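Across the two complexes that follow, subunit A remains constant while its partner is subunit B and subsequently subunit C.
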Partner chain A sequence: MSRLESFAKLKLVRAITSLRVTVVCLACLMVIVFWGTIYQTDYGLYASQQRFFYSWYFLAGGFIPLPGARLVMWVFSISLLGATILKLKYRWSNIGILMTHVGVLSFFLAAFITFHSSQHSSVRLFEGGHANVSSDYNEWELSIWQEHSLDASTVQRDVVAVAGLKEGRSWRLSDPNCTVDVETYYDHCRADMGPRSADAPRNAAGITRLTKQKRHTSPEEDVPGGIFRILSPGGDPQRVLLYAAEQVPLTLEIGDETYFMALRRKRYELPFSLKLLDFERKVHSGTAIPKSFKSRVEVRHADATREVVIWMNHPLRYADFTFFQSSFTPDEQGSIFAVVENPGRWLPYIASSTTCLGLIVHFVVMLVQSRRRQARMA
Partner chain B sequence: MTASSGSPALTRRLCVATFCLLAAGCSRQEEPRRYTEIEGSPPAAAREGSAVAPRQGSAAVQRPESSGQGGDLHWQTPAGWTSRGASGMRLATLTAADSGAECTIVRLGAGAGGARANVIRWLGQLKIDLAEADLDTFLNDAPPIKSTGGFVGSLYDFTGLTEQGDAMLVAMFELEGATLFVKMLNARDVLVGERTRFTSLCESLRF
Partner chain C sequence: MSRMGHGKPRALRRGLFGSFAWPAVACCALFVATATPGHGAEERGLSLKEFARITVLANGRKMPLDSYARINLLQLSGRQRHGKESALAWLARAIFDPESVLDDRFIRIDNPEIADAVGVERDDHRRYGFRELAQGYSQENNLVMVQRIAGIDDKERTPFEKEFFRTYNNMVSFSHMMSTYLFADPHRDFAASEETLATLGIETGGNPLSALQMLRHIDAIRSHFPADHQSGMDNLAGIERDVFQLVANLYSRRQASHGQNLPFEVIPYGNEEAADWMSPWQATLHIGGDPGIIDELNLLEAMRHAYRSGRQLEFDRAVRDFRKRTSLRAGPGFETRYPSLELLYNRANPFLYAKFWYALAFLVSLASLAFWERRCLFAATILIAVGLAFHTTGLLSRMLIMGRPPVTNLYATFLFVSWICVLLGVALMRFGRRSVGALLASLAGFALLMLSGKFATEGDTMGVLVAVLDSNFWLATHVVTITIGYAGCCAAGVVGHIYILQALFGKKDRARLRGTYQAMFGMLAFGLIFSAVGTILGGIWADQSWGRFWGWDPKENGALMIVLWCALLFHARLSGMVREIGLAAGTIIGIFMVVLAWFGINLLGVGLHSYGFTSGTAVGMLVFFVAETIFMAITVPLARRRMA
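This part shows the complex of A and B:
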């Protein structure tokens, strides 16, 4: 008996690769998808994703643990992979089944890559403006930068940023040469202005106090804030208070240099620059309800440029990035794009095609075998 | 090899693999990141431009500071705000691009009812109950504000009077035979963030 065969006969392996596991997993996924969809209407997309789809388990009614989609999909994929390797009989008549298994496994691979590697962010531009960064919806970073003008309308910021802010965390930076300590950090807080005491941390807007607040169901609505200690060699420690809703950065002297500092949404560098040439918004006649909105943009990469029109269901695709027309600014003079970076964005297409092709091949093989049997019997 | 003899070794390997997977998923402190951010302002506004400040919310190009005018009054529109011009009694309505918060500039004749009466009216509008003594404190503690044009007034910051919901920032300037109101009404968190720009607008007022 080969090593693989003996492994396949282990009780645990037989149980995991059983067809029952597949059926149970499919049933669980069906329930989770249905429940998650219903849950989303009241609690929003983010809460639903976190509770049902990104979790190993969730509590029904507050105390009954049920498997989350993450656990189910891991079990499902291990079961399917095991069955494909250990149970499937590798002969030509099973080629369709093998292709179908590989196709379904590709779905899991796509889900894995998307879950661990994809980034969701947004870019907001005004007509004539351009940018080479997008910003996260939920994550925040402490940014320290120096800026200089490239021309009359363009500014370059050389940024060093730390994310994953939590009380007690500390980072040693080389440029600027300093240590950043997180003294206090709240994921959501309110800011108050008041009389400044001598030991109050510095703040650009005159905020003197932060009070922790209960987080929103949708973290996009949270406004974090914190007190940070900046220690530079030879300099006095500087305590600064940063509140994410502040619109003006804090100016900071570190060594002989002047830096800007702000608590802002985590930024991602794009491999190109995006310029908004024109934004057009149409409303339904006699109302303020948007009928359509589209943006004409210029994509600039190195010295090459190209114009693209982005509108509903017609995103811009560039390398692993997809830019969707998402919204417009409150003053209706700028356009907002949702940016999705997904290195595995082609995998679902490949998985679907492979699965479909596998089913077709299997059907043809069955048909041919059935005809041959009938011919033999006749 | 039999199934029973291979089992413990395989189980050990499975355990190690599971541990590695779990360890990879544990949260670690992120390392500092460096990146270069290049932002360009809209060209029309940039002609009058000044420094570009960062905006919160989304990576974006900031509208730079620009000049504004309503009647004989002039001001600097703060970076990130746009001016929609005059309408009705308003000399101007300015809008913060991020939040959509509106700031209005209105000039009324003479004392316009005085600070106390107006503050009571605004408190009512915000549904804030303030005892008489607290009202006196609020009025007396309102910080003075002076513009580059020599206008002298007071800044009434209602963000400290409410835990959540709407609040107001109002600057009242006593001019010769008139009162100038610069007013911003929005969610208190939004106003806390916009306060620096609001005061910079007030400080830039001149004839």
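This part shows the complex of A and C:
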């Protein structure tokens, strides 16, 4: 008996790789998927993903812990891996089954890599405008910079940005030399202007008060705001109020230098710059049914440029980045692209083809076997 | 069941596909025969054969007027005929002679409370006349109600409010349709003194002018237009004042985009790239200066004149001239793809016939269980073949007309899923499960085509697609595969029913039961494969267009649940957790999963895939679930005891 065989005979291994575990995992997944789908009606996709699909467990009725999709998928993939190696019979008539199981395993691998390393963001461009950064959907950052340019879409040099904003957090920065404390921070709030009292925090637009609001079901619609305390050595502490919807950054003296500050969506640098040449939206004549959205863009990398057309179902791919036509501004002068960076983006394709091929091969094998059996019986 | 025949009729021994050939041919002949133009002479003694072929733009696509009439009548009354009258004849009356349709009862209102609210008597047929409803709706309290409902979001409206508003909108759009000839009717805004008319050389018989008459005499009007018109009306007198007033009134209507919503967009304009279609009224206001357009408007007016006086020759000549002129002026890009085929499709109504033959086949298959098994099954085979021929012809026609794969909307999924189910049934018959195959093909074909009718009343079943769906490649791969998967799971469920009933009531014939079990197993495997491949292809499409393979969107989840359930059944059977009867019950639950994924998800109204829904479906689904659950709760334990 080989070492592998004796390992397979271990009680624990046999339990984990048993078909019962598969059935239980499939059943659990069904319940989670069903629940998570119904949940979306009231709480939206984002909340449902966080609660059911990206979590290890969730609480039903507030106190009964049930496994989340993440936990079930881990158990499932371990069981599946074990069964594929130890239990499946390696013979020709089983090739379809084997391929299918390997395919499903690679789906789990793809899900793992995508979940942990892909980055979703968006770029909003007006005709003639260009950008070399994309912004996050949900995360916000506090950024401080010196050289103010009006073009908000391009990376500015000398930027310090802190993300993960939360009440009570504090950062020690070296340039500018100061400490930033978060005094108050709301994920979604309303801003009010009013008479300024002496101890009110400074604000560029004259906002004096932030009121916490209920968060949206899709968090990308939230407008956060907060009050921050900036303390530079030798200077007085300065309280500033920043609201995400403000158009103009706040000007601030730290030490002897002038800085600009704003609360904005977290930014990611792109390996090239993108310029929108033209956006076109077509409707089916005589109706308001959209027929196509199309953007002509110029991609500039170093000094080389090329023109690309991005439209529905036809994204621009560049290294690990993919740009999709996602939406447009209400005046139809601007285009909004979804940007996805996913180093494992080819994995689902491998998994897909393996699984599909495996299923089809097995079906054919089954059909042939059943015909042979029938012929024998006759 | 053994396929070995002892003394079978010859046709049976030739194999099923031999016997499939001749009914198919006969059926195509029948299809053409029922669809021969001229079938059903129109009322008023006027044939509308030529009229049916006029091209019109509606819902974003070009279609023959016959389809346009059907879609409009379907929207208003839920039917494609108005009593004995064809939709086209009804449309002709509505636009040429509106007075004659005012009291016809064709506006459908499902909720009788609406009738009470607008003060008309409840009608058992749920159809009401325009005039009575219009009187009811124009009462002040009802107008206030309409305004109030308009301010509420559609999701927040009560069923009463929805129906009240829907009816109101139907009334408005029908009143627009009746105003199609606004351009040719005398209008008090275009009144002028007799002296002026005489000078301009216009004969109106004492009536005001119509917009079309003004266009016809535009040169005369232009020549009398005051040179000094900058100083306004007050300094003008006599003819100049009249002419100035006429032009100013016409111009102000154009500025106010008056009548922009008027339907009947039959006048093509622009070029192929930026094609635009106008209603006669819009054309009068905006492009009436073009002599070609005036000719076309004159022909439309001639059509009405000939229709009203019942002159067939004149009517046909005007229609033909109109079609010729518009297509010559506009060019080939404005033609519909297969106008004759679409007319044929409309008239022949292939799915109605398919339904009929399937229903007959089902009855005969049921009879085969009781007596004359071979003869009945032979007859059922032929009936199914005839139904399938109609079904296939219908599907192919739709594909040709739209230039698309078979499935483009919810209605089309029913046509296609039922077609695949029938094919699966036929395949089972071919592989020796004749009884089960015949039952599956006829029942699934009939039931699903019946259901499809419920989803056709929303209007054009061949409408245009929104941008994200506009990809023949993905429609042909992902959508077709996933619907084949639905069909496989549905077929497995139907065979599952048969298996349980066989186990419960059938003779104790192990071999036969085994055969049904294998058929069920095969269908389920077929369903699993296509659902899985379809779901995966869907993931790839999503990755291509939204940048993520999987996003836990409701429709994705629905498809995933089918795959998970099928996989669960196979693994549970393999591990011995369930036996044959358990698997059969599992396939029935599989139908639940399909129903949820197929149209249950749309009930949620969230997600990227959701597309419109009616609440009646929710009730239907619930009834189905409860009925099936009761069926299983009773039959499964009994069948298990009998099997043991």
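Everything below uses one rule, namely that the second predicted complex is superposed on the first by the 284 of 378 C-alpha atoms of A that agree within 3 Å, B and C clash if a C-alpha of one lies under 4 Å from a C-alpha of the other, contacts with A are read in each partner's own complex, and residues count from 1 in each chain.
Convention: contacts are C-beta pairs under 8 Å (C-beta built on N, C-alpha and C of every residue); 3 or more make two chains touch, one makes a residue touch a chain.
What you see is a predicted model, and the numbers here were worked out from it, not measured in a lab.
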Given the touch rule stated above, what does A:Gly164 touch, subunit B (first), subunit C (second), both, or neither?
first
Could you say whether A:Arg345 touches subunit B, subunit C, both of them, or neither, answering first, second, both or neither?
second
Which of the two partners, first being subunit B and second being subunit C, lies in contact with A:Ile289: first, second, both, or neither?
second
For subunit A, give the residues common to its interface with subunit B and its interface with subunit C.
none
Where on subunit B does subunit A make contact in their complex?
1-3, 6-7, 10, 27, 29-30, 32-44, 46-47, 49, 51-61, 63, 80, 82, 84, 95-100, 157, 159-160, 163-164, 188-190, 192-197
Touching residues of subunit A toward subunit C in the complex: what are they?
18-20, 22-23, 26-27, 29-30, 33-34, 36-38, 40-41, 44-45, 48-49, 52-53, 110-111, 114, 118, 120, 283-287, 289-293, 312-313, 315, 322, 324, 326, 338-340, 345, 348-349, 352, 355-356, 359-360, 363, 366, 370, 374, 378
Complex contact set, residues of subunit A against subunit B:
1, 3, 6-7, 9-10, 121-135, 141, 143, 145, 147, 150, 152-164, 169, 171, 173, 190-194, 204-207, 223, 243-249, 260, 262, 264-265, 267, 269, 273, 275, 329-331, 333-334, 336
Would you pull the subunit C residues touching subunit A in the complex into a rising list?
3-4, 57-61, 265, 275-277, 432, 464, 466-468, 470-471, 474, 518, 522, 525-526, 528-529, 532-533, 536-537, 539-541, 543-554, 557-558, 560-561, 564-565, 567-568, 571-572, 574-575, 577, 601, 604-607
